[in-house]
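Each of the next two complexes has subunit A plus one more chain, namely subunit B in the first and subunit C in the second.
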Partner chain A sequence: MTKQHAYLFDATRCIDCRACMIACSVENNVEMGESYIWLSGAGVMGEYPDLKRASMPYHCMHCLEPDCESACPVGAWHKREDGPVVYDASKCIGCRYCMNACPFQVPHFDWNKGIIEGAFIRKCTMCTQRLEVGQVPACVHTCPTNALVFGERADLIAEAHARIAAHPDRYINHVYGEFENGGTSYLILSHVPFTELGLPEMPETPVNAVSEAVMEGTIPFALAWGTVLSGVAIGINQMNKKKTPSSPALPPRGEGSNPPLPPVEGSGVRENGTEATK
Partner chain B sequence: MTTLSRRDFLKMGGAAAAALAVGQFVPPSVAQAALATGQVNAQGDGEIATMCEMCVWRCGVLAKVRGGKVVKLDGNPDHPHSNGKLCPRGQAGLATTYDPDRVLSPLVRVGKRGEGKFREASWEEALDIVAWNMLEIKKKYGPEAMVFSSTHNLSQVQFENLLQAYGSPNYGTQRSLCFNAMIVANLMTYGMEEPGRSYEGVKYIILTGRNLAEAISNSETGTLIDAIDRGAKLVYIDPRFTKTAGKAAEWLPIRPGTDLALHLAFINVIISEKRYNAEFVAQYTTGFDELAASIGQYTPEWAAEKTGIPAETIRRIAQEFSDAAPNALAHNGWRTSNFVNSFQTERAITILNALVGNWGVTHLPAGGEESGALGKPPQPGYPRISALRLDGVPWKYPFVPLKLGVFQELRDNILKDDPYQAHGWFISRQNPAQSIPDRRKTLQAFAKMDFIATVDVIMNDTSWFSDVVLPEASYLERYDPLMPMGAKAFIRQPVIEPQGQAKSALWIFKQLGERLGLGDYFQYADEEDYLNQQLAPTGVSLEEVRAKGYAELPEGEAEVYKWNTPSGKIEIKSSTLEKAGFAAIPTWEEPPAPKSGEFYLLTGKDARQTQFATHNNLLLKKYDDEPRIWMNAKTASENGLVDDDLVEVTSEVGKIKVHLEVTQAIRPDCVYMTPGFGHLSMGLTTAYGLGASDSDLHISYTDPISGGQALSQTFVTVRKA
Partner chain C sequence: MKLRINLHPALRLPPITWVLIPLMAIGFTVAMVRFALGIGPISNLNNTYGWGFWISFDLFTGVAISSGGFIMAGLVYILQIKEFKPLLRPSVLTAFLGYLMVAIALLVDLGHPERIWYMMVYWNHTSVLLEIGICVMSYLTVLAIEFAPVVFEGLKWEKPAHLIHKFIMPFVILGVVLSTLHQSSLGSLLLIESTKLHPLWWTPILPVMFFTSALSIGLSMIILESSLSARYFQRGLETHLLEKLARAIPYTAGTYLLLKLADLAFTGELGLLFTSGKMSLLFWAEILIGCITPIIMFSIKKVRQSPNGLLAGAVITLLGMILNRFNVSWFGIARLNDPGYAPSLVEMSISVAIFSAGILAFGLAAKYLPLFEAEEHAPATGD
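On to the complex of A and B.
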């Protein structure tokens, strides 16, 4: 049987350095205005001097039963046996149902490309290109504190429970993602309530168990609605194109930053230099 | 908003290389050499081991190359500083190498200084101009009229060679703005610059402002988190609730400048309750009795008044620390020159460690970065230097090591012509325009110079004020001297061809040396020849080092219980300080405090930036926080300020405008700024206009013993702009 890969994130080890986010950007050629990982969590909690910190790199949960896959009218989404939830741009019609369906609000639309240049939904891919050559995802690989680890899902669930059992005072007694939304391939341990990491409270029944029944036979509807949304998107795209970005205003130079300057010798240095070569 | 993808700047790199290829045939030597050692295949795809330079920790890197471009950097698992990991700065290294603002041709100033108008020049011409000016200055005013400055890079050994061969005593490093207090305190106590640290088996850690989660030293940060995970207790002392504070079992928001009082009280408890390791103290230390006789006054109750930390907390931590000993570690910190009493603070920390006898367990003999196993090119002796140093070392600061110096004093004495006038400044990969406190004065010092030349990868603020800018190849494009570490010497080697006309520092210094008539000091044909001469005594070939990333060196037996002090022991009472008439055992010095309505101005670190050099990196900017000034939420509300207000911050020497970050994570009497922002150079198109510079506000105060700049001894007022 193929290994079902997963990530385990331990918030007690995360120092919010964001090496994972930069590694992801480089590995996946993510545009400057885009990110597949975003910083989540309350940051500083409490009131001085009784404070706590918590943060988390938030990315696709790679659900076992992904809502994006259920919601997609054209089968552009697919949960691979080895873990990643992947997307096929060639099938996508740009309806963005997946964006509405995802309870973690992960997939996002690439407005730079839009529907005209081909529909593009962006999200974490679990670095499938790395998995194929036996490497772990870029974010995990670089994590300086091993807050992120990667492996077989069943092993990581066992590891997570072992960590809780070893330090019950340190962790919330729960492995987020073990059962949430039917189980995910991003598992999370935390010292603060999961909502403080920006994670939604989630029933154990996947949302799509309900929606899947409704979705059956709705492709014609989806196509029609997709066309309407496409129209809107084209309009927005056109509008966006008309806006020329203004160059950023430069702040005034601080007082005292222009000192008295010495008499300028202009290009004298050069002539001198030329002389020296004779 | 700047939108530039990595692909875009990959293209730019390619375009620059192509443009060069039109005029001049450059063989793809890097790719060919890598092919020969089996690091890349015939298509130029593969992984090359080298070393990071995004900070001074120097992690091992595996650079993934595809057809002559570097596309990804990963930590080298064979390197003890990275253990296969890279921090955000290391990961973002590509955006420094492919920075669209790279200087790729020698530049000569054509406009006024600071106007940023330059013309491109050939290397021949640019080097001739620099050499001619340096020779003129030497002829007219003597070699001491030329100031040299550079900071902590692997080519520094050849920079120092150039400076000594030229004959100037004036050497400016960044160290007095950082760790002079720590180094000099360690020299006085242990006879070594910085003892090593081990977190293996550690059970109790006290970090005094050592913000390891944000001022990341990759492997040390990782091992600290491992230690906490294993159950070690971390006590973190800092006026800010940093990300390290977030990992601590206890955070003590101490009043700035009173860390000395806290450590004196720790020592008081350990001595008065006889919690010290009597055997270790008797065998390996001197001066314990004098310390015991004077420490009685520094009770936890006394320290509570000074620090704002309850006496029972101080007592309990001292007890816990000594109970955990020898598996206990009080960290010296790095950027510790924060008040003029910082030297005594550092002494107290070193003594706290000595008292509990953690030597050989958590506190180790220093692993130096120099190794006798490597060779070096032959060279004649240096000319004798009779002129005094402008920075007062050693005539005013007898204990400051020559290679540390007192940078802020150097700048001040340039302004005062004391004891003589400086006329030129040669700067390699350093940014004094941003780093030295009271920036207005630094710019005045530049203005006094007849000639300024800089060597750098980008148009930093100092280059912006220079007459000639010499473009250095980035760390992924060049060789540097090998770096010994323990039983290995690691290599920094090019993984791509230098872009444009950029050259290695080894090449630049040699070229300059030859033009200055100092060719005998640079007896290496090129970079590879330099490394070959280093490797000659080891019998290891350069090819093998290039393929593996390191050379194995014979390891000397390190003596554990050996200290290079006058007594040969750990000096609790420093005989050196006593002879010079300074307090020979740590003694309380009251630091100045802000007046009503003023705040302590704190500086610190952010995990995305290094000192004054990385702010133009697009990938770091993408994921960094907006540089704002922190203020405690309650204080802000009392002052009618809200988050993101534009505020005017004023000190005795300067004024800035910056946005406010209202936070719970700081003492109510402090404000905090991440240093390095507020760039002057418009040649930094990403960084220009971001935030403000704390150097515009900082006042220069120098600790008379260590020469350290008291960085937090500046007080400011804050009002809505």
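On to the complex of A and C.
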């Protein structure tokens, strides 16, 4: 089985130096200030003397069951077996449904590019180009305090729980991403509530569960509904035929005070008695 | 002194044309800037609001107000209630133009409009948006087929018109199925936002809610479009027919209201009706304007029988239910680190231009095609 990579971020170790953001920009050749990572966090919290400060480099969560992948109409998103959620720019039509679908609001869009330059979705790639040569992502490589570490997901979950067990007073007893949204490949330990790090409160079922269930029912529903409608149309047609055997006297159903309807030659509805108004 | 230019009567256009054309020109220019420089320079969309005014108005509202076409086709062809025939052609045209407007607007909104056909090649079967894309493209084709006989008649091409009539039924049924699917799927599109969309609106039955409200919207659109046509094209108003359609609105709006309340009661969220601040207000506005007022108004026979009552009721229903589309696709969605978003005038000018083009196209069709003739005299193929 392929090794499933993941990040582990420990907020108690982050010193907010932002070296990860610089490393990301350099590695992935994106403009400064537009790295695939952004800083999220609480600033200073609490009341003196009980102050806390927390920050987090906000990556793609690399969900195990990604909603971007579920939502994308053309299948431009794909969760790789070895961990990263990757994007195929050559398929993307720029609909931005992934941005709406992502509960973590991760995908960003090239707002200032026209159709010739090509506007695409941007997000953390887990530095797949580095993984391929056996290196860790640039942000992890750069982090001076080991606030970000990289490894196999199962190992990192064990490591996270070990850290909590070693210092239960320091951490909130929860590994964010172990189960959130069906599990993610970006795991977070924190000393402040996770919402303070800018993370949403997430259920354990991936948010795409309901829409995928509905989509599964779509084609059976369409076939059934089409059959019902055809049956109704044929049934009513037959009834109308019986009602007006050949006599030209009967007005069509509900004619009321209308002027007589035009003769309907060669039309799909001619069989049901409108001929009668000739 | 007035300048008079003598135009052939067939070329004379109503004065509103001279308002619509500049609006179209502005939007067209803005669209060209957008294609050259990107969406950012002409809109206030941002990474938190990847979808904004265009999606709420052009897509959600545009598709909803085009639902009259499948309602009328279903009534006339499938249930074979022939008396509604005079309303069929304009409804199908409204729907056709509506969807065409949706398609054009999406081409502006898409990052890669030139790749729109990828939707027909790369299928991700779990994507609700794929279903909507396929349905809208197919339904636009079906509507073109349903409307083609009117164009052929206008051109005096009797043969192709008859040919289409002969084989219209499968297309009508396909059209109703496609409409049912994507009207409801627009609701399914928001299912994936279960953690972001406010619980007053998010429910697993969003597709059912959308379909039910699309019925109210479609019926109201037929009434609105007939009323305006009667006023601007100097033709008789089929009040007796519209009265019957209006009679159905309390049922569709009532069903929507009951489903909504039952759903909230079932999940124990009725309290949200009063405790969600701005969201509660938006919800109440939607329900009062789009459900309760129409139920009351259209339950009164006098209202249904008066042209003004019909028009007012239809407009109110539309306002309420369109507010619903905005609530669900925009106002009701919570964002992390919300930077705020208000559409810019430039951004809206694109929607205005497309809408203007739609109105103009309807006007031209009314002038040059046998759109309204079915009731007055007897052309060969009145449907």
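By definition in this document, the second predicted complex is superposed on the first by the 204 of 278 C-alpha atoms of A that agree within 3 Å, B and C clash if a C-alpha of one lies under 4 Å from a C-alpha of the other, contacts with A are read in each partner's own complex, and residues count from 1 in each chain.
Heads up, the rule we're going with is that a contact is a pair of C-beta atoms (placed from the backbone, for glycine too) under 8 Å apart; a residue touches a chain by one contact, two chains touch by 3 or more.
These figures come from a predicted structure and were not determined experimentally.
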When the two structures are overlaid on chain A, which partner does A:P168 contact: first (subunit B), second (subunit C), both, or neither? neither
Per-residue touch tally on subunit A - higher for subunit B or for subunit C: C
Please work out whether A:F109 is in contact with subunit B alone, subunit C alone, both, or neither, and reply first, second, both or neither. second
After the superposition on A, what does A:C92 contact: first (subunit B), second (subunit C), both or neither? second
Just subunit B (first), just subunit C (second), both, or neither: which does A:V74 touch? second
With both complexes overlaid on chain A, does A:G198 touch subunit B (first), subunit C (second), both or neither? second
Dual-contact residues of subunit A (subunit B, subunit C) 253-262, 264, 266-267, 269, 272, 274
Sites on subunit C touched by subunit A in the complex: 34-41, 45-48, 50-51, 74, 76-83, 85, 109-116, 118-119, 121-131, 133, 162, 165-169, 172-174, 176-177, 180-181, 185, 188-189, 191-196, 204, 207, 240, 335-337, 374-383
Show which residues of subunit A lie in contact with subunit B when the two form their complex. 12-13, 15-19, 21-23, 25-27, 29-33, 35, 39, 44, 46-49, 51-54, 138, 141-147, 167, 245, 248, 250-251, 253-262, 264, 266-267, 269-270, 272-277
Touching residues of subunit A toward subunit C in the complex: what are they? 40, 67, 69-76, 91-97, 99-101, 103-105, 107-120, 198, 200-203, 207-208, 210-212, 214-215, 218, 221-222, 225-226, 229-230, 232-233, 236-237, 240, 252-269, 272, 274
Sites on subunit B touched by subunit A in the complex: 1-7, 71-75, 84-88, 90-92, 94, 108-110, 112-114, 124-125, 128-129, 131-133, 135-136, 213-214, 216, 218, 221-222, 225-226, 229, 231, 241, 243-247, 251, 253, 439-440, 443-444, 446-449, 451, 467-468, 607-608, 618-620, 622-623, 632-634, 654-657, 663-668, 678, 680, 682, 688-689, 692-693, 696
